[in-house]
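Given below, in the form of structure tokens, are the structures.
Shared between the two complexes below is subunit A, which has subunit B as its partner in the first and subunit C in the second.
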Partner chain A sequence: MTAQDLKTLWARVARATVSWQFVVPALAAVLAINWMASTSTSTMMTEIMIMALFASSLNLLMSFGHMVSFGHAAYFGLGAYGFTLAVVRGGVPPELALAIGPLAAALGGLVFGALCVRLTQIYFAMLTLACAQITYTVLFQWYDFTGGDTGITGFMIPRFGLSEKGYATAVLAVVTLCLLALWGIVKSPLGLSIRAVGQDRYRAEALGLGARRVQLVAFVIAAFFAGVAGTLYSVLHGAAFPDYAGLGITLDGLIMVVIGGLNSFAGGIWGGIIYELLATFVSKVIHEWELVLGLILLAICLVAPAGFAGVSARLRAMLGGIR
Partner chain B sequence: MVLIQLVNGLMEGMTLFLIASGLTLIFGVTRIINFAHGSFYMLGAFLTYELVPLIAPGTLWGFFVAVAASAAAVSALGVLFETTVLRRIYGKDGILQLIVTVALVLIIRDLVRMTWGANSVSVQMPDALMGALVVGDTYFPLFPIAIFAAGLIVVLAMIWVIYFTRAGILLRAGTDDRGMVALLGVNEKLIFTAVFAAGAFLAGLAGGLSAPYGEVNYLLDTTIIVSAFIVCVIGGLGNLYGALAGALVVGVTKAIGVMYFPRLSMVLIFLIMAAVLIARSMGRQGGPAR
Partner chain C sequence: MQPILSARHIRKAYGAFIALKDISFDIPRGERHALIGPNGAGKSTFIACIAGQLPGVEGEMIFKGENILALPPARLAKRGIGRTFQISRAFLHMSVLENMMAAYVIASGKWASLSGRVYAEKIDRAHAMLETVGLAERSRDTVADLSLGDRKRLEFGMALAADPDLLLLDEPTAGMSIKERHFLMEMVAERVDATGKTLIFVEHDIDVVMKIARRVTVMVRGAILAQGSPEDIKANDEVQAVYLGGGH
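For the complex of A and B:
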């Protein structure tokens, strides 16, 4: 990537309208809570931010590309393992390995994505699921290399020795940058082509867009950012487990996007926040957390299919009408 | 050894086919992928675990009655779900349809864990099927052979219903063009419910039949649904014979692959799927997705 490329990329990101009057106070609020709250709250906030990024990367595929990936956890896991294995087996210094995690995820996205974008709709969803299960199985069963089901632990000081608060701040910076980049991509010409292919593949092809190529690019981008989330998560706990690539995380991501709101960029972020808060507090009160979650999901699908973002938009419209 | 694994593989392929055919039938008519199909399978297995000791433990007829009763119960649950929830989201965004069935997966899984706990249970095998069939100097376990035969009977019955009865005509018509069927005065809602009931029945049947031959626990739902998806991709969704071929290929590959690459048998199946997809981008025998 040359300086010229970077410049045009930045120009595109800058052109994407960011409502700073909303983003800056939100960032300030997160920082303020982080410095006042206990260390356990800081850790929870870190996890929320990481999952918000993960959900947003999936949201790029689902809301804009209309590609329902049923195996997005694979790239979360590849990010975590890319980082971890580079340190443990490759002897790469951890600071450098931070870059390897997301790149490994992007590479995985390229390989699996090239296969998956040959299919559409439900076939696409099934194949992404199969790819993710393969990743999970390999991580789970290749004891000599990945440590199998016990995962890899104790290879580094968690959070690079930063305090919980310090790491939360660092994650806030990285996640904010990544979300801005994703927003810039959504608003860029590339984002428009992703949307065009998502809405009407044949019309987009008739207009000269290579549908598969556009979808593959979107897939790799989403995998990359999921990999960033996975790497951050791995650093947070100083560990990597096969479950990071498991169906559980995939479903978490899908559920976040649906709770937050389909067809909205903020949906991924809201979903990450709401889901993690619910998971933390509901599971403290009720043991059967999955049951509650299933019922919530049913209610959302039947009553408010646009999720939180849709409900809040409707509320705002109502309030505006009153005023 | 290879032959014995072949028998095991054929049995697994047959149960996979029962599940995948249900998925395929439901998809053909309603255009919904039922992610909870693995959960129906799991419920079938757990209900059989409950019913076998109640009816006539150890006997052959007791086992099959228990399996049929479990499948019927699962089918009733499927009808309940279809009429109360699914019916309200036909024709909506495909993502929502998937998520609704995912919600059902979560609910069933927690209910199963509440009822039967997190540990595996094992189902008593009928005494008559405990032994082995001796051919030359090879001992073939009897149970997988019997289950394969039972599955074969179900397959034949299914083919008979689909191609030689009025219900089958309606099913095929509904798959081809549901709007037209409705215009001709057929209650299409009834077709949807009936297909869902049949699909759930098949999944419950598969769960019950294979229950004694392995561990039954609350994690079965996702392992099974992934295999069933792979079968559907290989066979082509909405294609019954494709599903049969795909299921047998996956079952046998898994069983034989375990002998040579114990840790990577799933990867082997993935490679087969990838090869099929590259050879034909919409699945074996299947046309383009509608």
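For the complex of A and C:
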């Protein structure tokens, strides 16, 4: 296979927004800022990276599988609680429990996904919402096991005792590896199959692809990476709360993907970064920062439906950056 | 000749409306068979029955000795039934090459692979098929940018990727110019004959039918009106009265 063939195959996936010439300096810049900035900035950067991973996992479903999930926070929450409960109730060493969080989320994705992929479009979305609400309610109400609405706190030293900068560096490494894995999946035959079913399930089925099975695999993968994000978040704060699986985080994820850019791999990453920066800085200036967010969403939906990634690609094309 | 497909008492109703009324006939292996008839005759419904797209179909559809009526489309594809749709259903937002690669990757059964080696194994065949269907020059274009005729050719190539025994083409030339129609269907006939496949196609263009089909089934209001060679059909008074307008 020639390099040109590869370029042809992935032209639509990359949307010219993932460029290694950009990614490597960007990673170096993140590291540099982390080590030079204050501890609060490091914590903010950690949250941005975690949410970028969460949004990217949702983006796999939305942009490539064309499955709009209204309940993706369930897997963020299951990751956080999978880790926390393994430590608190299971007596598992926290280092080992790091693997349990994402696996719990993937298991949740398998169970709920098997149910959700039976339907399509708005009914699929409603099922994802229902599954997430069930998860949230169980976490919120089961006081004896999950701590109920007060969550679980004080079970470990936040960040495993690492400094804010140290943990941010560790999270950068994990998130980078996860994003590389997601990128590898999107480019693989599995990713091509996910996109095929997303674009036209009837055509994919007529070619011999079991659409539900492919969607379920995508669902479990997305749940796993959302679980990684949830686990990292739980370690950051040394706590887990039912809100981690709540509608608020699901909406945050959806908004991130739309702002970042649908149908682009980088959309989830950009969305996570932009949303968290807006939430941090705009909220300091305007108390009702959601108003600004609403206006930005309006502008994106009406003027730039491809989001930041699309605008960025257009700008680079105008500047002759795409060859 | 041993039939590759036998329809036995096929009946399909949508509520009170009966779309197919007790349809029975055989399709011999290697035949190019046209289904014709006025709108609402049940041609596309019959194709959808073979392709496993409709629930609640009564009767038996025997394909290579097995009743396939309860099988979903993906399993039918694996058993050797390839198809194109009345309205082109190529993957609109992928490039032409991606479409063809998707067809080959799915046909290979390695759809869940994470290895790029699967692409390396299939890329030559994908290019060769694009060459066959005359789209080699457009491999980098997005399907959304293709003309209707090019999309139909692409879909035909994709349907061939799994090397099916039976090809179902539902109005393959709809919306195409006369020149495009003949070009597409001549290519289809040549390819079908060269690989020993069986072809069932729904077509409204009688010139194309007469040129491509070896046998024709005329359907009217969910029932078979006549069957025979294109010449027989052309000479059939009943067919002329009902379908060909009596002027031929």
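In this section, the second predicted complex is superposed on the first by the 301 of 323 C-alpha atoms of A that agree within 3 Å, B and C clash if a C-alpha of one lies under 4 Å from a C-alpha of the other, contacts with A are read in each partner's own complex, and residues count from 1 in each chain.
By definition in this document, a residue touches a chain if its C-beta (ideal position, glycine included) is under 8 Å from a C-beta of that chain, and two chains touch if they have at least 3 such contacts.
Since this is a predicted model, take the numbers as computed values, not measurements.
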Touching partner for A:254 - first (subunit B), second (subunit C), both, neither: first
Touching partner for A:188 - first (subunit B), second (subunit C), both, neither: second
Touched partner set for A:127, first subunit B, second subunit C, both or neither: first
Subunit A residues touched - subunit C or subunit B, whichever exceeds: B
Contacts of A:180 with subunit B and subunit C, given as first, second, both or neither: neither
Touching partner for A:301 - first (subunit B), second (subunit C), both, neither: first
Which superposed partner A:208 touches (first subunit B, second subunit C, both, neither): second
Complex contact set, residues of subunit A against subunit B: 62, 68, 70, 115, 118-123, 125-127, 129-131, 133-134, 137-138, 141-142, 247, 251, 254-255, 258, 262, 288-291, 293-295, 297-298, 301-302, 305
Residues of subunit B that touch subunit A when the two form their complex: 27, 33, 85, 88-89, 92-96, 98-100, 102-107, 109-111, 114, 222, 226, 229-230, 232-233, 237, 263-264, 266-267, 270, 273-274, 277-278, 281-283, 289
Contacting residues of subunit C [partner subunit A, same complex]: 51, 53, 72-74, 77-78, 82-83, 85, 89-95, 97-98, 101-103, 105-107, 109-116, 118-120, 123, 139-140, 142, 155, 158-159, 161-162
Contact footprint of subunit C on subunit A as seen in their complex: 1, 5, 8-9, 11-12, 184-185, 187-190, 192-193, 195-196, 199-200, 202-211, 214, 217, 263
